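Presented below are the structures under discussion, each in the form of structure tokens.
One chain, chain A, links the two complexes that follow: it is found with chain B in the first and with chain C in the second.
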Partner chain A sequence: MNGRPRWSALPLSLRPPPVALAILFAALTGGALVLVSGHNPLRAYADIVAGSLSLGSLPDTLNWATPLVGMTLVAAIPLRGGMVNLGGDGQLVIGGLIGALVPLVLPGPGAVAAAAALAAAALGAGLYATLAAWGETRHGIPMLISSLLLSYPAVGVTSYLARFPLRDVTTGLPQTAMVPAAARLYPLSGALNVGSLIIAAIAVAVVFVDRRTVAGYELRMRGKNLRFAGYGGVRLDRQAVLTMFMSGAIAGLVGAIVVLGSQFRFIDGALLTPAYTWSGLMAALLVGGEPVGAIVAGLFFAALQTGGFAMQRDTSVPRVLALVLQAIVILFLAMRQGVGRRFR
Partner chain B sequence: MSGLFTPFLFQAAVQSITPILLASLAGVLCGRVGVFNLALEGQMLVGAFAAIAGSYFAHSAIVGVAAAMAGAVVFSLVLAYGATIFRGDPVVIGIGMNLLASGLTAYLLRVVFGVSGTFSDPGIVGLGRITIAPLIGVPFLGWAFGRQSALTWVAWALTALVSVVLFKTPVGLRLRGVGEEPDAAETLGVDVAGARIVTVLLAGALAGLAGAQLSLGAVSIFAEDMSAGRGWIAVVAVMLGRNNPLYAAAACVLFGFADAISIHLQSLGLPNQLTDISPYVATLAALVVTHRRRRRAASPPAEVAAATPGKAEARPEGR
Partner chain C sequence: MAFLVPEIEAVGIVKRFGGLVANDRVDLSAERGEIHGVMGENGAGKTTLMSILFGLQTPDAGEIRLRGSPVKFRSPIDAMAAGMGMVHQSFKLFASLTVWENIVYGVEPRRGPFIDRRAARTKVAELAERHRLAVDPDAAVGGLSVGVRQRVEILKALYRDARVLILDEPTAVLTPPERDALFGVLRRLAAEGRTVLFVTHKLHEATAITDRVTILRDGRTVARLRTADTSPREIVRAMTGRNVNLKVDKGPPRVGAPLLNAVDLTVAGPAGRPAVDRVTLTVRGGEIVGIAGVAGNGQSELVEALVGLRRPDGGRVEVRGADMSGADVEAHRAAGVAYVPEDRAVVGSALTASASDNLAMGFHRAAPLALGPFVIPSAFAERARALIRRFAIRIPSERVSVGTLSGGNLQKVVVARELSHEAPVLIAEQPTRGLDVGATEYIHEQLVAERDKGRAVLLVSAELSEILALSDRVLVMFEGRILADLAQDKADEETIGLLMAGRTAEAA
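After this line comes the complex of A and B, so read on.
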């Protein structure tokens, strides 16, 4: 059939790696876009690389990567089992708001307050995410739809709370009161804080669970073949609920880490404008939810976006180009995956 | 309650139904040929941007609408070829297209018009409203349709047209065959991939119209991500309507009124952060309620399998 590349006849080791091809294709398409808009694509790309990977900008990249890799895990865990969590935005703001409120109401030493805030954020967002799983197991609403639709009420209600009942009236902005200094996450160097270590630890744990535990094996089995997993004794409904709880809990943790580590208060919209959820989802889709690959892809996207800031500063090419490049990589890979298969 | 059912409510409801209805017709067409279209949100957004660009540069709403259709059709090539010839997963392609649309329109907004956020200009010619004087005073129907843009009329006419074509013509029979039993259709000499590609592109034109209604209908502006979940609501309407244009239209009416009631609540002083969520809550409620009704059906809805990536084998289109 047409569309099947000639290299499908080559031995596996000699075929061009699909991810590299996808990135090359995205770079060429994006380059054309930059060229048409009257800028030099080579200079734009050089700015992206220098602005993300040079020694001076590496901490910024890692700081940006912390929530992005976190949200990558949020997307990757359900994807591993063939489920999609599109509600990351809602879970993120729930975690962020809880993380901002707990230290304000909880007396006691700062570290305890911070730990309690993180735990409460994870619990709250995790429980909210299980609603989506429950929608699928009990009501037959595809999780893809239920998780996304549940996201809008969460965003709306947290936005309302930050704007009206919980607003810090000493400022004119839609934000909650400042978190006490003692309850903030311990800074490591520059913008980096303990939150990055927490996410790194979670990433390691997710990889371990995926590769070495029964739960990880059962989830992969579900992803490969739902019916087989059910026939083999996996309790599918319980698995869906637990998987979504873990996914949502990590999203809540990410929200609380951003609040307690960088913003020190819940600012309406601040967790959503960087589109961590969607970049993370793209990173996870890139590798079909395989955690190590997803984490690498998340780091790559974080570098791309951090470099995007430098590019916008130097060449006035808008940094949303980074989002365009990410989407092209995903689309290219989505199609490339099918090309090797026999058509009909 | 008499304060709620005002002429304004009906007008606002029908106005917000229009884009969702056009997009869900696009979704119905794709669903009927066995391509699960999750990209409606992105297709609408591209249409909305192209409509503004066309109207701004040509100073004509007609050109804007044509540009919206053309832009969305070109954009839909990704789904049309990706889900057929290239055998990609339509769920992944749909999500990727939505993100591409969001990034691309934001990029072009900055590069072409030099602004971020929203773009409005007196040079943009909106669609305007068609006022039907004898209808305006008639309760309910007249309130609803007395003053609406041409695209509203187009949307409802297309609903009827799509129903008739799908269920009463040989072409519709073939299209439904392609979706239900692709192998059988192929055996009978129907070009399955070709039929899917043409249908997805046609659906793209409909989604483009939906986008034009968003940016040129009630207001003449483009805002980043202005589709704001309407494409997803259209996806749900398609699911609720089980790929039947009339049932999907009924679902759209529900969402349209939920939207209009939220505008009404806002005018009563409720903060818009809370009222804005009512269409989504109504959607969720509708999904739960309709499932209760259907629970006796033994097999789970096919959409559940279709909406799960990596389940290509379980998709109804077969292999």
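After this line comes the complex of A and C, so read on.
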């Protein structure tokens, strides 16, 4: 105990920010791991940084960040009100499938089809997410469990649809037919497309709602003390349903954006393998659902993961290291918070 | 009774927390066989001093002496080994274990590696018998009333043969009969030669039971008085540093129209028995109606039904003549009900939120705090500053989270918010629980002022003196029913005390 630096004894302005400290400790630990595995840690880190933040790789990072930050918001919104949505995967694939199907069946100009696809994806996934809220408010099924459980049938059913009735029989893969080129999201630079702007706009809107609206205030108060919010006249049931709808709708939108912007068809498993849901959940949990912090954390994880790919390409250090690093950052951050509480 | 060497002494105790000096050269001394009162307002340093005496805190300076020899407690284990015992305000018991298991915990009689259950049980039963503290050793603590739990706490200390027993605000949770029983126990313990340190801020208790009192203010010992030679007025002056009006000033009520009605209101309870059983009551404008009763007799459920937090299972509630059946909290508030809840920290506030956010609740949907769906942060802050000023809430700024405030100041935040609704009906539940004399006086004045503005005030309190001091009419609640509706002149402590125990025949 006595050996630990007592940051609380320093004036606020001189204390190292806990986030920077956690990243530093994580980098040291991760560096030691690289060293043990017989590689040069400095080289590995240089690759991660260059592979994520250099001008050439920035579009890749942002493209990777789009779904990750989107799913961070999906987790952060309910978390702000003390609720947990573990059903991101299910909502993501529902949105993805709807997004892939609407342009196939809807006649009309491509832009209209794309907009309709995004809206339908958000609506469908949002409604699916409200099932969990409804189960809790009406039947007392804890949302933590039901949101996760509802994810499995969604993943299963969309997988079935992509493998059998809706499969593109011209290919041998479990995937739907290609979206017409006109209905794809407008490309900006490299892999980047208009979908990133949509997610960025939503991120700004979420921060604004959190800070400047009645709904945001009520959700924050619910998160701080559920009974206080209820006592103050907040309609808790309606709030839970609406919050889950918003969260699910963003997940659906993310699914549709990935499909219409990058993959151009619904490919079974392709939305789930990168584990956006879980990276996003971790980013949101780190800051207790505070939206600005969550967005920053989501961006950071995206950079780390993109850099990890680059490192694997250029050196023989496997990209798993980036995920290890991410895990260690989270552990150190969580520890700082636990320790900080005691000094307060 | 005077002995040459005091049983326990604290000499020049200093304890700092950061920049705050909680104890500033505090002295205290109690004789063997004495019941010694420790009094002071919240924040005066009573709890810190008791924590130091029980080894929960170590003093920065000063000395504790036990029967003349200096002792250093590094933990409560040291303190207990030296013969100290403490009954905390919130009991430290395992709800799922039995009484005897709780009592012997940590010093179990053993047979080999196993607990000798029979010996433990017998010892506990004997101990209870000897001290006339009636408890069933095999009962699960979770199912016991607070009064009985307190007896378990006392037995726990006695099982460890505590020579000095510290009781921190022991009567806050007791009915008058339970309180009198506790006083009986404490007198017997003192007569056996044990020393009791009795922490309280209730005057009538200090005068009823203590031999001497030590009074703290702002972390200092300001008076050490022999109870028989002092007066309540002198004690209060020492505690507060000023003259406080002990009686609530209020004129006769100017009663208006009924504003709050309950008709045959019924709320189902957990065990099949209704928690609220066909309660009918009326509160008119300009009067304070008090509901007396031991906590847990349906008052909380009644209030929750009245404010819309709980759907009644029968009967109805009317606010200003409008039927509120099926209406939620928001609708009740809109109809004109303000509510100071029983638990300011669990229900009445969000501790980690700022004062500004706390004071805005309920006002945040309409002008001036909101414009359509948007909130206006500057209006939040402005409103908070105005209320902080008007209610003299001691807080560095409206941005500070209310969890850092003292109990009295936190309660002022809750009361400020609810009174500023200017609602025709005010329901106040245990509004001064745990507050010191100054804060209590302030809250009482506010309630009377509300009454005099023509509002209907329903006061629910387990504190009989508070009910008697404020109420124009007193209803007594027992096992979910209203047993009596007494006019102020018919309401005396004895009658109400009997009714609170459900003894209608004797009270009549």
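By our rule, the second predicted complex is superposed on the first by the 335 of 344 C-alpha atoms of A that agree within 3 Å, B and C clash if a C-alpha of one lies under 4 Å from a C-alpha of the other, contacts with A are read in each partner's own complex, and residues count from 1 in each chain.
Everything below uses one rule, namely that a residue touches a chain if its C-beta (ideal position, glycine included) is under 8 Å from a C-beta of that chain, and two chains touch if they have at least 3 such contacts.
Quick caveat: nothing in here was measured; it's all calculated off a predicted structure.
S.K.: Which partner chains sit in contact with A:217 here, chain B, chain C, both or neither? Use first/second/both/neither.
M.R.: In the superposed model, A:217 contacts chain C only, not chain B.
S.K.: Any idea whether chain B or chain C touches more of chain A?
M.R.: With both complexes superposed on chain A, more residues of chain A are touched by B.
S.K.: Considering only touches as defined above, state whether A:278 meets chain B (first), chain C (second), both or neither.
M.R.: A:278 sits against chain B, while chain C stays out of touch.
S.K.: So, does A:231 touch the first partner chain B, the second partner chain C, both, or neither?
M.R.: In the superposed model, A:231 contacts chain C only, not chain B.
S.K.: Following superposition on chain A, which residues of chain A contact chain B and also contact chain C?
M.R.: 224
S.K.: What residues of chain A sit close enough to touch chain C in their complex?
M.R.: Residues in contact with chain C: 211-218, 220-221, 224-225, 227-235.
S.K.: Which bits of chain C are touching chain A when the two form their complex?
M.R.: Touching chain A from chain C are residues 307, 309, 328-330, 333, 339, 341, 346-353, 357, 360-362, 364-365, 370, 373-375, 377.
S.K.: Under the touch definition given earlier, write down the residues of chain B that touch chain A in their complex.
M.R.: Of all residues in chain B, those touching chain A are 38, 78, 81-82, 85-89, 91-93, 95-97, 99-100, 102-104, 106-107, 110-111, 116, 186, 229, 232, 235-236, 239, 271, 273-274, 276-277, 280-281, 283-284, 287-288, 291-292, 294-295, 300-301, 303-304, 307-311, 314, 319.
S.K.: Can you name the residues of chain A that touch chain B in the complex?
M.R.: Answer in residue numbers: 1-3, 33, 37, 79, 82-84, 86, 135-136, 139-146, 148-150, 152-153, 156-157, 159-160, 163-164, 223-224, 226, 278, 281-282, 285, 288, 318, 320-324, 326-328, 330-331, 334-339, 341, 343-344.
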